[in-house]
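First comes the structure, then the notes that go with it.
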Amino acid sequence: MSNFSFLNPFGVLDEPGTYMGDFYSHNFSKKAKEGTVILNLGPQHPSTHGVLRVLVELYGEYVMRSEPVLGYLHRSHEKMAEHKTAYGFLPNMGRVDYLNAIGWNWAYAASCEQLAGIQVPERAEYLRVISAELNRISSHLVWWGAFVLDLGAFTPILYAFDDREDLCDILQRVTGSRLTMNYFRFGGVGADGDERFFRLIREFIPRMRERLKMYRALVTDNVILRRRLEGIGSMDADMCLRYGATGPILRAAGVRRDVRKAIPYGIYDRFDYEIPVADRCDNFGRYWVRVEEIEQSLRIVEQAVAQIPEGKHIVDKAPKPAWKIPAGESVFSVEGARGEISVHVISDGGKSPYRVKLRAPGFSNLALFAEAAEGTLLADAIATLGSLDLVIPEIDR
Amino acid sequence: MSTPEAWRDAFKEAGALAVTRPDPAKSGLALSAHMPAGSLVAAAEKLKAGGFSLLFITTADFTEGFLVTYVFDSFTEHLRMALRVLVKDKSCPEVPSLAHVYQGAEWHERESYDFYGVIFTGNPNLVPILLPGDDPIPPPHRKGPDVIASIRKLGFLGEAEWASDGWELAPAPPETKPAAGAKPAAEKPAAGAKPEAKPETEKPAAGAKPEAKPEAEKTAAGAKPAEAGKEEGK
Amino acid sequence: MITAIWDQLKGLYSLIVGMIVTGRYFFAPQKTVHYPRKVVDPEDLAAYRGPLELTRGKDDESRTRCISCQMCAKGCPGNCIKVVKGTEGKLPSTWVYDFSLCCLCGACVEVCPASAIDFSHRLYLVVTSREELVMDLLADLKERVAANPLKPAPDVPAAAGQKAADAPSAGAAKNGEV
Amino acid sequence: MELSNISISGLIILVIACLLVIALMVVNAIVMVYAERKGAGFIQRRPGPYEVGPWGTLQPVVDSMKLLGKQIFVPSNVDFFLFFAAPVLAFFPVLLLFLPIPFGPFLTALKVPDGIVLILAFAGFGLLANLLAGYASNNKYGVLGAGRAVSQGVAYEIPMILALLAVVFQTGSMNLSEIVEAQGRWPWSWNILCQPLAFFIYLVTLVAETNRAPFDLPEGESELTAGFHTEYSGMGFALFFLAEYANMLLVSFVCATFFLGGYKGPVLDGFWWTFIKAYLVMMFIVWIRWTFPRVRFDQLLNINWKWLLPLSILNLWITAVVVNFIGK
């Protein structure tokens, strides 16, 4: 036995090399029934977004049992946090989930601000809301294209990226990068939006609304897509509660829960927008909720751009790179594109934070895939996987 | 059942060691209850009945032991609460698993098992989730002997509303800690001494980690392998 | 039975609507920026974060403003800046920047008291080996100043100096905000 | 020319015809690959292949060079003979199917009284090739793809036959040349107007028969990575690719001869009309491919058994009644 005996308490791990396949497929096949096929979906598989591997036990085309295998993209952001300064960990936040970088920026920066009691100036709050909502729209667009690509339509992802290019150009003007944005600072934001930034946004909103009509005509009302999504992959409210699934999955199960309204942070309470909720509990419900959210985010950005005051974009004596988080503990939740992003910072007042726990919504959302995909067809299991809007770097951290 | 006071009494019945009220403005937690390992599952079932969902499990390494924090929140109205379990015995840390109450807990527990080696008895599939399963490495997130902090010194748990005698995480006596939030003076010399001390202990431990068996045995508890943590300090 | 047929017909109609949409886009203008033939318009690149560059001195163009205070080297999460203090006054003798480690976070640009560093807008940087990413910014500054000196006019934007032939490394004056 | 009393000159014509058809298939594959990638590009608002040759025209040629040059990788413990037989079996039978098609008034390689029976008989071969490819490549995805290919191919054969049968009923003869002769010069006298339902059913089945677009389940990328030809690289994959485009060309020619008036055109008859109509049908298939998501497998079979089959039988019955009473 390897000398790390305490790592193998129940003797679950057999000696490597005494079985076919690798450790996880062997561990998974122990409970396999007769006449079933163990299939590896991924990690190199066109429809797992990034490097997700799902072990699937097939009986013919029906998925009897499945188990996602994670860790192929584990970079250990939480361990890096214990070796970097609080300020130095901010760029990591853009890399944890590159589709919704601003959401993660907000969660970490606000968690440290909440602990240190730093107030953010008005203009910065508006810039935060604008960039977060634009980032949410771009994340939903990538999900929308990739999800319909999973179902076999090759063109819509190009139209979605067509719009997302405009969003990346807009966000690049303030954050400097298009994907892994490092925009937030403790006490405000990194750069102020200039006249061209706001003009581009004002031009983008009506154009996007026109495009949403086109998306509805091309995909949402398409009968093949409706048949592929309606009534498949049912996840009701109780299942979401048992697994801790949040975001569009929870809202598609009929629970009106959005962190922006449940735990009001920033200045979200100044804008009027609804939370799209559908109690369909199936793939189409999740699809509909996300497409509606794009519309609601457009409304928020519209109002924010109209009401933004003049002023500083960062507080005067903003913390410098060598800033230390005061001792204490803080949990802060943000409504990311995929669900509730929470950052739990424990600090001993030293140069680096003592422990940073990143709660990724995808991690809990993926956990309920095994139960939702039981007994469905392989094609439906792939559709359910796509409807969870998974971003693997966020799950593996 | 949705006010912190109601939940405080509920946890008291479930056999809590202590119930502390961290300052919500700074910590975002309305209530945190310290449970002995035995009564954790009972409290979780009570929370599930009250419509709470388990958001995540944070495990942190302190001198007193592993502090496993379960953070709950209700989906209907917001009340974020934490259940904390202190695991003192670091050689074989045992905590009962919540996988049968909240299926979502299974993955969070496997992650803590990966990073800290905390064994969750009753978890249906306790194999590494984020780290490679076939060549297990000693838990990477455990703190080295010189950087580890003490919960009682940090005092981030907030003042205890109600504490039974069995609870030993009460904040340390004030004279070694001038103010609750301020960084205790005792910490400074340790931090000052840290840069020089660590490189020597770091290098041999990291270098010898995989091959030498006895070496790994000795530092298994506190080893901080190099590959996970980047060489720190200028 | 009738409703089943009616559903099928509605379904077919939705298919036809989908076809019309893609048909219309068949004739719509293309959106691709065809790199060798078309270039991203520099106006959009004003905030683009390329590799670092030293800003031009106020009076003498080729003298950097850097006072080698090491603030940027300390603040950089990726440890990609090495500044060695020179002999004459506070000027650095060597300013080595490793672009392969840089995560473009902007901590150095914001923390520099002398605003000596800024992001270049070099979008079309191509290197063939990792060593080429380790840049000596002092030499780069001299070469850029030699390429298009701004001479006495301190802050006139150097739009005219745009070199179309090779990578349009913007020699323009530092953009607005720090 | 008649098959029964074959003579030396007849044999020579047949050999030349076969060579011409092989040339046609290869050139068509090159043209169709280019047309499909350009079409997809324009639909998705991007230029499509552009760099190789003027406007990217040499791109398919260079692609086939690459495929020729690629190493043929054979996975472990594979059924060697079947693994290599499958691509050959997929490509060559399609060659035979082009002979009875009347390209021009005199340009028919093999004047066979019942041309349609020959075509439909050999159409099943591609199906067999897919099955062998999936079965022999020792890959779970391949087996799943093969299973789907068989049930889809078999299912969509029947409505296809019934739809074509309706046209045969109407014109009274199985010989393709007579079918084209029976249609007039102008579009309103083509079969598409007197047999719209048969045309619609045939259109759906031809998309399904060649495993294209909404029905491309045997090689559904997002589920089965590449279905039956997962393990093929280099020439194996190239042959499957050629076979797919040859099948597409074949069914488009059959659609042109049956429903769009073959070589009869408004101005003057000739083989160019057949090609124009065939390529219009193919561009329509390409257009469908880049618009619709993929149908799930059981829905695919439901569409066929519950909707296409009854419709085609109904259409056949109506045609029979009409032809019987009006008496063609």
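Note that the chains are named A, B, C and D in the order they appear, and that numbering of residues resets to 1 at the start of each chain.
As a working rule, a contact is a pair of C-beta atoms (placed from the backbone, for glycine too) under 8 Å apart; a residue touches a chain by one contact, two chains touch by 3 or more.
Quantities reported herein were computed from a predicted structural model and do not represent experimental measurements.
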Longest centre-to-centre distance from chain C, chain (CA-based): D
Highest-count interface - the chain pair sharing the most C-beta contacts: A-B
Length of the line joining the C-alpha centres of chain A and chain D, rounded to whole Å: 44
Averaged-CA centre spacing for the pair chain D and chain C, given as whole angstrom: 51
Gap in Å, rounded to a whole number, between the CA centres of chain C and chain A: 27
Contacts with 2+ other chains: residues of chain A: 155, 159, 162, 218-219, 222, 224
Numbers and ranges of chain D residues touching at least 2 other chains: 43-46, 290-292
Interfacial residue positions of chain D with respect to chain C in the complex: 39, 42-47, 50, 287-288, 290-292, 307
Complex interface listing, chain C residues touching chain D: 8, 15, 18-19, 21-23, 25-32, 34
Interfacial residue positions of chain D with respect to chain A in the complex: 40, 43-46, 140-141, 144, 214, 216, 220-223, 225, 289-299
Touching residues (chain side chain C, partner chain A) in the complex: 10-12, 14-15, 17-18, 21-22, 25, 31, 43-44, 46-49, 71, 74-77, 103-107, 110-111, 119, 176-177
Touching residues on chain A, where the partner in the complex is chain B: 2-4, 6-10, 12-13, 16, 22-24, 27, 67, 70-71, 74, 76, 78-80, 82-83, 111, 114-115, 117, 237, 240-246, 250, 255, 257, 262-263, 326-333, 340, 342, 344, 346, 348-352, 354-355, 357, 359, 363-364, 367-368, 371, 396-397
